[in-house]
Each structure stands twice: as structure tokens, then as C-alpha cells.
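Chain lettering (A, B and C) follows the sequence in which the chains are written, and residue indices restart at 1 in each chain.
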């Protein structure tokens, strides 16, 4: 194996330090005893306690979580359908408009998406609240789900579906018993992506949320506008840990399945030579 | 029948919640601001029939666009957004390319881990990642404390609430978007090409300039667009890290809407922002298309 | 093994299982199948052989129901199958990629089709076990497709497509993914299974050796048309066209013009200063019609002196391809024409009688060549 040159080692160390140091500092200072966030005054977990007693944050967190679960689930269904349509139906009236509408939200500035949805909700007289945020989040995250799922569908071996059809399955059975289980990893990643996007979104939620429902990012934003606060540090630490644990677990599982698969294949090969 | 249903559901959803809202923005951008709820006129009343529609259309005008053109603030905001986005994209490329290059040259068993390490921040909250720099860059922040302690400076630098902080924020948050496409291009690069170049008399450095860099061009272009396009309309970074003199169009739109409650002008700002974005988006699509064709 | 010769196609009273009646299939401007008619009989092992793009896969996909003819009718057991969707046809297909469901075990893969029919549990289990036994896969029933070898996967695909006891089994390049050694063993296994189950097999392949080995009849296809349908022996020994002669095996094609000297006896003039070639053939040719003689290399003898055979020509050995059991000699005639002659290597190579640059005679009898209109 070729050794890394010192240039590469430097680039990697500085790059990773740049990516992780700011978050690391945030995590460390969330355990700072002092109210003055930039001065270390000993270890304490009191800000976590404060955070847990802060009703407003807890309410916002609950709203955010509900919105994220509902919107990402609907977005997954719609996004998977959209991906199916784009990959499998090469000709139908209005196809180019459809693919344009699927890809446009990915590059549309959030301020515009937010503004346009708000104007729609006002136009049709829909009260702003959880429902409107869910509608808004579903709309933009279904496009991300569509991208993830369609990249899997492109490489899908259609002879698997033909085989199921040939063996007597109806189109619906084919989808449920063959296609869906095989593309499930992509659908799950799509859901997770939609879920995180919804969890993170500030701009679109600010436009579409009403006084009755505030999400966590809106709450964080209005509080950090005034400066760094230890409570927000604690909250950030919790959010970073959850994501880190989630992503690392997921990648460990993926790695283990890959290793297991490799071992299985070796066993199969050994079997063949021994038979 | 079933096919029609599968098409119709996502189609109608996007029509209703993406296209129609956008048409509404377009319409309101042509309306006048009034002190009412909703604060714009004319309103379309379909009960008046054809005559009502004609009257409605005749009352739409380009007044808001004329206003945007005449007011220096908006010109400056658009230009300043473009300038900030261009500079930030270039800086991101400078930071991202060496990292992508080092990842692609790392031993194969490290690569999945490195890739995960680069993607991981992307899954964490954007807002929190921007926020994390506030504590570092403020005048009594960690960076100034460190520099003072090292004796490199005698009094704190003002970084937070300047454009420099905005650049740092954009580079930091969009770095994965730059690294990933370049890494993908470099990883595909056949190592024997470099060996061939060296065999034919290139030095290591000239092999990089003559072989590696041109072959990673599509990755560079993709990465630059992926950073440039969202930076133009960025709102969170300029409002948390930028100062009062940081003019970015996303922030202007936000303030026009929430503070001034001038919906028609906000809509006009949005329409023009979109027009500005169309060119890079089309160029980006072309690059992707070419790449796909080259791959297949 | 003694048995009556299986040749239903020679019996006019026999009704074919499948009949293509003037079938044409177009994809846009491209004609994949061009006005094709043919019949396949029950219990046949029928091979569609041709280069890629000849339309053999389209033909198979029309039988399976994934494509429908643009014109013409396909009859299966007396029924027009165009309106029957693939999931309602008594036809099953073994895919080139095997198309095994990666998330299901071998057992579940085989049971998939039976479950769709709603077969009762105990009956289903019995049928799956029978299929596992037939394909010697009992040991692997619980494994997933990626946990077994390529050869075993091929057998799972076969078992799965046979489980529903279809009237017709389609096999799309079934052995294409196997290495050469395994392929030979599997060919015989396929033939055995075909005989045991009595199912009609239609196999698509581009490998002529495979088609010749397994099939009762072979259809040689080119550009959407059937060039010849015949038993492997007839395809090889009595090709009906230059295309078929050239496609199957190695052949020398000598072009010239025919002159009838007696009924069934022709002289072929093939170039200035060459003695005419003499050939006996049932092919009816006009005097002066351009024609081609197809001669298999193994039917061409090579000798140092002029032999007493009807056809002989002198030339120089240009190349020798040593194939182990055989050697192929490329002999160049004075005017540049090359004739290939094959000899069995009955002696050790060091004692070979001819070598490069030797002047030799190539010769063949008057019945060795096939005379074809060109």
C-alpha cells in the first residue's frame, strides 16, 4: 500500500480539524459552569438541567419532532412514487414539467420556497401551524427522497420484476414482495434525510409556522441572534450526539453486513470446490 | 389506470405546493402594496367573471420592479450576494480540493471512514454549525483568546459581524458539497495514468497539473455550483455571522417581508433572485449531463 | 439407450405447441423480427441461435409476454397468447442474470411462483422439496442467493422456473455466466432435467456448441429472420445457406459459377487457371449461376503428393494452429486464396509430417462439400 505524502496528511488533519473543532468546542463549553460562555469556570451539567426545565424549548422540540416524523413519512411515500414515475415511465404528458418540479426545489433558495408557500397558505385561508409546516416540509423533502430513491432505481435490475411477474405475481405483489424489499435501504435513507432536513429547517418553517406552533430551529435562532448562550450549547451538544450516534451506528451496521456478505461468499466458493 | 394514479399523486402535490405558490409570488410581485389584509392589491375575484379577470390583469404592473431598479439598496444587495458567493466558492475550493485529493489518495481501507467523517457534519444541524462559529469569532471569543495568549496580537480582532465571518461560515457549512464531487472524480482516476505521465518524463508536480487537475475538472465544476447556488440566497449565515453592512439578498427579502411587511416588493425580490439563479442552474445541469454522457 | 427417434416435426399429424404465424416486431423504426413463421413441438428442446441483435431475445420475450408482436399471431396450445399477461401464462422463464430475489432464501425463491397460485401449504412444501431434489440443492435451501456459488444459483433459477410445471420453459442464455468447465457439466444436467420433466424447453444462446449439444432442433437466426431450422446434424452437415455454413463451426467458402455436367453433378469454375471443382449435390442450380462451396476443414486432406481425389489444389503452408488433439493448417494457393485443412494429431508433435513453408496438396472428395446458391 502506498504511503500518504506529508501534503496529504497535512490536508487531511487540517481539514478534519476545521470540520470538527468548532463542534468540539461547543460540546466542551456546554459543560462550562460559568454563564460567561467564553470563560471556562469548571465542569458542570447545570445547563442541561436548565434546558430540561425550559418549557418553551420542550414544546418547540415536541412540535419539531412531530412535524419531522409526519412530513418525512409522507415525503418518503410521495418521493418514492415520484422516483418511480421518473425512472419507469419514460413518456407521459407533462413529463418534463414534472421532472422540473421535482428537481427545482433542490436548488430553490429556501427564502423563496418559504415565501411562496406562505403566500399560498394565506391565499387559501389555511391557518398557519403544524399542518402548514408539515405541508411545506413534505414538499421540499420529497424531492430529496426522490433523488435518493431514483438513484437506486436506475441501477435496479428490472429482470427481477419481470421474474416475479413471470411467476404469476400481480404488479402490486411485484412491488410489495420484490421491488420494495430490495430498494428498502434507499427508501430508509430517503426517510432519514427527509427527517433531518425537517429537523434542521429554519427558513421555511419561519415562513410557514404560526404563533400556535414554533419549531426548535426557530427558537434557537431567535435566542442565538442575541449571542452565544450556554443553554443553546447544551441543546446543540444533545443534537450533535444524537446525529453522531445515529450515523456511526448506521455505518457500522453497513460495514458489518458487508463483511458478513464477503464471508458468506467465501463460504459459497469453498462449498463449490468441495462438492 | 394504476399508472395514472401513481403519476397523478406526486404530480398534483407538486403542482399545488410548488408551482401554484410560485405563480402566486409572480402575481403578487406585479401587484401594489396596500394597507390591508392581505396587504396587496388587486385581488382576483373570479365571481366577477371575464370582466373581473380583465380588470385584474390590467391593474398588474411592473412598478415593484421599477422600484427595485431605482433603489440602490437592491442593486447593491444582488451584486454583493454574487460577490460574496463567488469569493466564498473560490475559498471553499481552495480548502476542499486538498482534502478531497488526500482522501482519494488515502489507502483504500481508510476511505469509507474518511468519507463518513466528511459527510457526518452534513447530517448535523446547519443552524448549530453556523452558531458554533459565533463563540469562536467574537471579540472575546476562543480565537481571540488564543491569539492574545500567544502574543500574536495585542488587541482583539473584529471578525464576527463582518464579511470575513460570512466567508468562514459558508466555507465551513458547504465544505462537504465541494469535497464530495471532487473526491468522486479523483477516486475514479486511474492511478496508472499518473504512472504513465511520470514514465513519460513528468515530475510529480507537473503530472498533477497536466493529468490530475484536468481530469477532476467536472468534479470541481459540480462542487463549485453546489456551493455557489445555495450561497447566493443564503439567509442564516449572513444574519448570524454577518454585520449590519453585510448585504445579502436572502436577508433583504426576509426583512422586506417580516419587518417592512411589503409583500409585493418581497415577491419582486424573489422573482429577480430566481432569474439570477437560472443561469448557474442551467450551467450546472449541463455539466451533470455531460458527465453522465461521459460515464455511459 | 434405445428409444424411438424423437422427431415430431416430421409427422404432419402432430400439432405444434407453439406456432409463430407471420410475426413481425418493430421497435420504432427498427425491425427486430421480420415476418417470421415457425413451429415448436411439445417436449422439444429448441434452441434459438444467433449473434447478438439477431432478434432471438425479442422472440423469447414475446413468448414470455414482456413484448407483444406488432403483426402476426403467436399460438400456444391453440390459443392466441397476445392478450394474456405474463403473470397469467403457462410459460416460465429462466433469466440470463438468473434474477434470483436477493432478499429471499433459496427455498422461498422456489416457492415464490407457487405461493402466487395460492397452493396449499403442504402441497407447496412437497413441490419445493421435489424441485430442490431435482436440482440437488437440498443442502442449500435456507441460504440466500449471495451465499451460494454461481453454478448453484443457476440451478435455483432453473428450479424456480420449473416449480410451476409450465407448459413451456424459456431459458435466456442459461449458461452464459458459468465458466467453461462447469458449463459442459451443466449442459448435460439441463438435458437430463428436460427429459425427466418432459417440459418443452426453448433456449436462447449465442454459443453454437451449446445449442448443438443440448437441442433437438436449432433455429439459426440473423437480423430478425430464421435462416434455417434443423437438427444439429443437419445444420452442420447440410447448411441451407452460406450464412448458416459460415456461422456454425469453421468452414472454407469457395465462390465460383456452376455448370451442370450431369443430373446432380456440377463443375464449379472458380478463377482463372484453376481446374474446375467437382461436386455432387441435390441443389438445383442454373448454368452460370454464381454459387459457393462450403467445405469443413476436417473434410479437407493434406498430402505431400497429388492425391487421386476429385478436387485438389497445390499451395504452401502459411500457418499451423495447434489445438492439441487437432491441428489446422492454413494453406495458401498461388493466387492468395487460403484453404484450411484439419488433421488429427495421432502422432507426437515432433514427428509432424508438415511444417511452415512446405509445398503441399489439399484435396476433398466430390461429396465432401455443400454446394450453395450464393
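Assume contacts are C-beta pairs under 8 Å (C-beta built on N, C-alpha and C of every residue); 3 or more make two chains touch, one makes a residue touch a chain.
Chain labels with UniProt names: A, B = Putrescine transport system permease protein; C = Spermidine/putrescine import ATP-binding protein PotA.
As the structure is a prediction and not an experimental result, all values here were calculated from the model.
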(message) Closest chain to the overall C-alpha centroid, by per-chain C-alpha centroid: which is it?
(response) A
(request) Quick one: name the chains whose C-beta contact count is the highest of any pair. (result) A-B
(message) Centroid from C-alpha atoms only, then distance subunit A to subunit B, rounded to Å. What do you get?
(response) 18
(message) Can you compute the centre-to-centre distance for subunit B and subunit C, using the mean CA position of each chain? Integer Å is fine.
(response) 60
(request) Let me have the rounded angstrom distance from the C-alpha centre of subunit A over to the C-alpha centre of subunit C, please. (result) 54
(message) Touching at least two other chains at once: which residues of subunit A meet that condition?
(response) none
(request) Specify, in ascending order, the residues of subunit B that touch 2 or more different other chains. (result) none
(request) Could you check subunit C for residues that touch two or more other chains and list them? (result) none
(message) Taking the touch rule as given, give the residues of subunit B at its contact with subunit A in the complex, in rising order.
(response) 2-3, 6-7, 9-11, 13-15, 17-22, 24-25, 28, 38, 95, 98-99, 101-103, 105-108, 112, 114, 116-121, 123-129, 131-136, 138, 140-142, 145, 172, 175, 179, 229-230, 232-236, 239-240, 250, 253-254, 257, 263, 266-267, 270, 273-274, 277, 281, 284
(request) Using the touch rule from the top, collect the residues of subunit A that touch subunit B in their complex. (result) 1-2, 4-5, 7-9, 11-12, 15-16, 18-20, 22-23, 25-26, 29, 37-38, 78-79, 81-82, 84-85, 89, 92, 94, 97-98, 101-102, 104-105, 107-112, 115-117, 119-120, 122-123, 135-136, 138-139, 142, 146, 171-172, 196, 199-200, 202-203, 207, 217, 220-221, 224-225, 227-228, 232-233, 236, 239-240, 243-244, 246-248, 251, 255
(message) Which residues of subunit C touch subunit A once you look at their complex with the stated criterion?
(response) 64-66, 85-89, 91-93, 95-97, 99, 101-103, 112-113, 116-117, 143-144, 146-152, 160-161, 164
(request) Would you tell me which residues of subunit A are touching subunit C in their complex? (result) 157, 159-160, 162-170, 173, 177-178, 181-182, 261, 264-265, 267-269, 271-272
